[in-house]
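Scrolling down, you'll hit the structures one after another.
Each of the two complexes below includes chain A, the first together with chain B, the second together with chain C.
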Partner chain A sequence: MEEPRIGVYVCWCGTNISKMVDVEAVTKEVGTLPGVVLSKNYKYMCSDPGQDLIIKDIKSHNLNRVIVAACSPRIHELTFRNACEKAGINPYLFEMANIREQDSWVHTDRTEATKKAIDLVIGAIRRVRYHEPLQKRSVNVDPATLIIGGGISGMTAALEIANAGKKVYLLERTDHLGGQVARFDLTFPHLSSARQMIRPMIQRVENHPMIIVYLNTELKEVSGYIGNFKARLVFNGAEQPEITFGNIIAAVGLKPFDPSVIAEYGYGKFPDVITSLEFEDKLRAGRILTKYGKEPRNVAIIHCVGSRNKQYHEYCSRVCCMVALKFVHEIRAALPDANIFEIYADMRAYGKGHEEFYAMTTHKQIIFLMYDQQKSLPLIREAYRDDDCNMLIEMNELLSGIDIEVPVDMVILMVNMEAHDNVKEVVRTIGVSLCGNQFFIEKHPKLDPVATTTGGVFIVGTCQGPKDIPDSVAQAKAAAARILATIAQGSVPVEVTTAVVNESFCCGCQTCISVCPYSAVSFDEAKKVSVVNEVLCKGCGTCGGCCPAGAITSKHFTDRQILSEIEGIMSMSY
Partner chain B sequence: MSQELTKPKLKLAVYWGAACGGCCVSVLDTHEKLLDIVAAADLVFWPIAMDIKYKDVESMPDKSIDLTLFNGAVRNSENKHMAQVLRQKSKILVAYGSCAYMGGIPGLANFFSKNEIFKRAYEETESTVNPEKTVPITSVQVKEGTLEIPLMFNDVFPLNQVVEVDYYIPGCPPQSERLIEVFSVISAGTNLPPAGSVVGANDKTNCDECKRKKSDKKKVKRFYRPWEIQDDKETCFIEQGVICMGPATRGGCGVRCVEGNSPCRGCYGPPQGSSDPGAKMMAAIGTMIDSNDPDEIDEIIEAIVDPAGLFYRFSLPGSILGRKVL
Partner chain C sequence: MSTRVHPELRNQLMQFGIGDWNACYHCGTCTAQCPLSEEGFLFPRKKIRLMQMGLKDELEASVEPWLCYYCGDCSTSCPRDANPGELMMSLRRYLTSIYDWTGLSKKFYTSELWELFFILSFAALVVISFLLVLPSMGFHFTRELTAEGGVQVNAFAPIHVVETFDWAMALVVASLLISNILRMYYKIIWKYGNMKVSLWVHIREFWLLIFNFAVQPKFNKCDDKRYWLSHWFLMSGYTIMFIVIVVYLPWFQTERILPIWNPQRLLGYYATFGLLFGLFVAIFGRLQKKEIKFLFSHISDWLFLAMLTLTAITGILIHIFRINGMPLGTYISYIAHMAVLVPMILIEVPFSKWSHLAYRPFAVYFQQLKKYAVPR
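Now for the complex of A and B:
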């Protein structure tokens, strides 16, 4: 190994670091450690002059290792790696010590914070000595895309990609396109027709020369990796020829919550207690009638059915409040004299035009009744023989505090959105993860909301979480843009810090295979050793951690690097 | 005249520190090959078999012993003194057996302090009657003079934490066949492995040689002690829920325990590049627990009796963990 020549740069981050850490003391303390050729501090290391300082020093002092003690590597590791590369040294010979998020921002004692900064930098110094140069790698991208789910999200993404001249395979499990939106009558808050929106879209998808639609088709198996996937499809029980593609969009949507598990509502027992989707069916048919063919005189709409309730689903379904208000408009238009009761737990009107829509709806002569989710749910029961209604809702009205009975002929349950039953199969097939609510997990909740931790696999629409049509469409277009960008590039970079198996140490116990979340580890039966597919590998380190024989190394996170860093951090005794 | 005859005989020493005696027996277990050894080497020091005093060894010239097999851990001042003397007198010092290599079974004492051990041994054990609470002291005045016994340390050390070690031969005890191989190489004096090497063992861990059927289906709902299940004699022990240290343990013993239908206990220590087989094995076992429910996971882990003693049975003092923090 070459003798390390380390340059250490301590960043002030304006006053972010320098206020709580004595950067001068840190610079001085670490400057004399073995391998350190120079140590400097500067007001903003990430600025152009800061980076230039590093570049100049690498060249003039022949540095072969660089440490910047500054913010989180999540923010500027890439910045400084690029600076190293510009100066002609491998970017992986750089190490960052986080003395802002992990130090200056979280401490109040300047002396202690300064000591901690020194410890962190010493850790980095000990570690960087064992860094090895790593080479960037990339793979070519097949320009075709597989989209799973023919709802509005899937179709939007399909059109976006196909309109750019790239092939799309659109897979739909049922016998028709359109998804949930095809069941809706009007949409909120503009009360425009869902059908008029979705019909032309379906036609464009079906007639598009670059979109191949598979109806009644299931995804059997996906293999490969970003840029180079293969899939086997099953149409009406028969296996189809294999298709190849470079990216995947999962737009598998959701299903409505089944309210029959909530005893209070008597769904399934009372024929005129129906779900919001069943009510949409009535609206699309153009008639609001009870089971016995009569127009209801009293209609109640119960919110948060299966939502915001730990017994069922803790999360909010985000659209039901506005859909309920939309129903008010449609009922009022059809039944000018009916009594309409909005039985709600909270009114959530956060979207564009939603609050205005809510305000407008309050003028429709309706009665808002609030209930307390935590205390007790409204109870629906049969009315007495001489009541002039079919059913009664017993509830404690929260705002008045009074126990009341609400006469009803029809009750609409605003059911929660929940994940499909087969979501686990999809997850296994395409290699994404689920959150506790069984929705797909995005790569980053804020900065990367449509990608997943599996390269080339994107998630859009309600399979990622409950959302309305505009949000679904925005996600679909975002994913399409991401995919078109990689197709335009022709290749995508893949993870550099992957795991490698040392075949001369691997004993073939196969502990590593089932732990890999990316299915990147397999067993070579001929050699009796595990093999890591470096394109699939994301460098998470799980296999390296669990390898009892120490045969798997995670590049850039070797035992030696990690232990040296720990020893460095623990080495000072003050 | 062949060179063989003109070549002077090697000087060989065997010594025990904190040991059970099994390592010395493993030297005897070379059976008739012992005659080959003594044909090639003069045994100059071997307390279990020869009557030679420490002062005789101390008076030997430095580097006059060609090869010393030091077995047992370093537990007290006597062990340490003899380790230092033998280092000085020996050209090649071999840590022979698991105790000298990693601390071994005596090394489990590092889960306690010296005081805890004394309290248990001299006050609390069911067979102890010691109302005066007498504990060993290193020196006592009697009318004939001063009596001294070695000082027991607070820690058990593997040999390389006390003196520099040239080679390690693992095993509890090492397989006698492997000793003969190593002895032949050393007595030939050519092609010696680099200093610090583990010799007389394989590069890969035990699974490599193990004939039991292995798969990637290592999912365990309940861990068993060997006597709690009917071993099917052909499936990987771990896949049957019995913790076997084989995956984390260097091969070389011939998978003797598993061949005898008993899980590997880890006496050959970690393979190259792995310093803490206990931690490695716990990490591996952690991935095999077949549950995502925290309570159920706790329950499954509870079934692992004495995990510290199980995973660190032979390796505690030499591991990163080293000892229980006091």
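Now for the complex of A and C:
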């Protein structure tokens, strides 16, 4: 091993670090340690002059290891790695000590904080000695994309990618495109027609030369990795020729909740208790009639059916409140004299134009009645013989505290959106995970909401969580943009800091295979050892931690590196 | 026991001046800042909720609308501009029509044409009585003055005939009003909520009724004290006038011109001042529309103020013309006075806005009874 020549740079971060850490003292203290060639501090290491300082020193002092003691590596590790690369040394010969988030920001005693900074820098110095140069790798990307689900999200993504001249395989389980949106009459809050929106879109998808639509088709198996996937499809029970593609978009959507499990609502027992989707069917047919062909005089709309209730689903379906208000407009237009009851648990009008839509709807002569999900659900029962209505809803009205009975002829249940029955098979096939609500988990809930932890697999639309049409469309276009970017590059970088199996130590217990969250480890039956697919591996280190034989090493996180760092941190005894 | 929702109540209430009540989102600011709202009798929010929900029975059993004196603070502080104060005012109109068993109140509140027709008919009957009926009974118009130089009022408007008529009118109004109050009692105390109030409590708390009628202490709990004063002047002036005209007419309507410090004249002047002051505040306020309580004027508000003002002015004119020996002016003012006074008392007191003179103190009394109610 070559003799380390380490350069240490301590950052002031303006006053962020310097007000709580004596930067000069740190610089001085670590400057004399073995292997340290120079030790400097600067006001902002991440600034261009700061980076230039590192680059110049590497060249003039022939440094082969660099340490920056500054903020979190999440923020600037890449900045400094790039600086190292510019100066001609391997970026993995760099190490960062976090003396801001882990030190100056969280302590109030300047002396103690300074000592801690010294400890952290010493840890980095001990660790960086054992850093090894690692080479960046990339894989080529097949320009075709597989989209699972022919709803508005899947079709939007398909058109976006196909319009850029790239091939799309659009897979749909049912016999038609359009998804749930195809069942809607009008959309909120502008009351524009869903049909006029979705029909031309279906036409464009079906006629697009770059989109191959598979109807009545299921996904049997997916293999491969980012840029190079293969899939087997099943059409009407018969297996289709294998297709290859570079990226996957899951747009499988959600399905309406079946309210017959809620005894209080008598769905299935009372013919005029219907779901919101069934009411959409009536609206599209153009007539609001009860089972007996009469116009209802009293229509009740019950919110949160299967939503926000621990017994069914704890989450909010997001769109039902606005759909219910949309129903008010449609009912009021068709039946000007009808009494309309909005039986709600909370009115959620979070989106653009939604609060205004709510305010506008309150003028439509409707009666808002609030119920408490936690206490009891409204109870629907048959009316008395001398009542001039079909049914009565008994409920405790929350804002008045009064037990009331509401005369109704038709009840619309605003059903929750829930996962499809086969969602677990889908996620297993494409290698992503589900949250407790059976929604697909995104890579980062805020900063990367369309990607997944599996490279090349993206999620769009409601399968990621309930959302309305604009949000689904935006997500679909975002995923399309991400995929087109990788196709345009022709290749994608893959993780460098992967796990490696030392075959002579591996006992073949396969513990690593069972714990790997990315399905990156497989078993070589011939050699009876585990094998890591370096393209799928994200370097999380789980397998290395579990391996009873100590056969797995994570690159850049070797035992030696980690133990040296710990020794370094513990070396000073105050 | 569940209370039935009456969705059609919405349409009925709208005829009493209630506009868009879905504006309220039940923050409760109105109730929190109302100095009159108290535990067990919370308003306005709770009453607005009953209206929104169409809970007709609960609403009709409510005593709270009468406990509100409409200072308007609730409307000022309402973050949704739902006008809780005006909603309470509209509720009082609705309740007046509900207590009234004849159905006339509802007619008057919901159609100004009906109200005008009745007012004008009564006025016409009064004029006809003075011009045709009384002369046929031997009473006449005379230019002769009394020894003191006053007008001979009793020759034209014979005191015993007018007094008899007064008593008859008072009897009719009282029986209407009392029957309505009984209905109010039935809805608020008797029928509702499975409760019982002992006879002793009824007797013990009766003083509250008298006290509240005379002083309106609840009104004085509002933060703005000015209107309590102007209202009290108006009320006391009106009450004094009513008592001396209806009960002590022979003492009040004299041909002799008494000295200015005589109680008859002093009481008359005080009552006139009280009426004019109260009327000025109310009319000026409603025209200026600076205070929220004066912002919305139902047609019934204006009709009432107009009739009371006309009554006061014609009464003043009678007095001036009589003591100055101007027979023609006296007689014309007298007829005009009666032509306004009679419909005002016959229509406003049992059927319209003036009925609050009874409902408000009774509401305070009923509220007290409810506090001492025990489960049946």
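As a working rule, the second predicted complex is superposed on the first by the 574 of 574 C-alpha atoms of A that agree within 3 Å, B and C clash if a C-alpha of one lies under 4 Å from a C-alpha of the other, contacts with A are read in each partner's own complex, and residues count from 1 in each chain.
Here, a residue touches a chain if its C-beta (ideal position, glycine included) is under 8 Å from a C-beta of that chain, and two chains touch if they have at least 3 such contacts.
Predicted model only: the values in this text are computed from it and were never measured.
A.B. asks: Once chain A from each complex is brought into register, does chain C clash with chain B or fit beside it?
C.D. replies: Once both complexes are aligned on chain A, chain B and chain C fit side by side.
A.B. asks: Based on the superposed arrangement, let me know which partner A:369 touches: chain B (first), chain C (second), both, or neither?
C.D. replies: A:369: touches chain C, not chain B.
A.B. asks: For A:404 in the superposed arrangement: first (chain B), second (chain C), both or neither?
C.D. replies: In the superposed model, A:404 contacts chain C only, not chain B.
A.B. asks: A:394 contacts which: chain B (first), chain C (second), both, neither?
C.D. replies: Once the two structures are laid over each other on A, A:394 reaches chain C alone.
A.B. asks: On the chain A superposition, what angle, as a multiple of 10 degrees, is formed at chain A by the C-alpha centres of chain B and chain C?
C.D. replies: 130
A.B. asks: Return first, second, both or neither, reflecting whether A:341 touches chain B, chain C, both chains, or no partner chain.
C.D. replies: A:341 contacts chain C only, not chain B.
A.B. asks: Counting only touches as set out at the top, which of chain B and chain C does A:298 meet: first, second, both, neither?
C.D. replies: In the superposition, A:298 contacts chain C only.
A.B. asks: Contact-wise, after the overlay, does A:490 reach chain B, chain C, both or neither (first, second, both, neither)?
C.D. replies: neither
A.B. asks: Between chain B and chain C, report the minimum C-alpha distance in the superposition, expressed in whole angstrom.
C.D. replies: Superposed on chain A, the two chains' closest C-alpha atoms are separated by 42 Å.
A.B. asks: Mind listing the chain A positions that touch chain B in their complex?
C.D. replies: 502, 504-511, 513-515, 523, 528, 542, 545-551, 559, 563
A.B. asks: Which of the residues in chain A come into contact with chain C in the complex?
C.D. replies: 298, 339, 341, 362-363, 365-369, 394, 397, 399-400, 402-407
A.B. asks: In the complex formed with chain A, which residues of chain B make contact?
C.D. replies: Within the complex, chain B touches chain A at residues 203-208, 214-219, 236, 238, 246-248, 251, 270-275, 277, 280-281, 283-284, 286-288, 320.
A.B. asks: Spell out the part of chain C that touches chain A in their complex, as residue ranges.
C.D. replies: 1-5, 7-8, 10, 20, 22-23, 26, 46, 49-50, 52-55, 58
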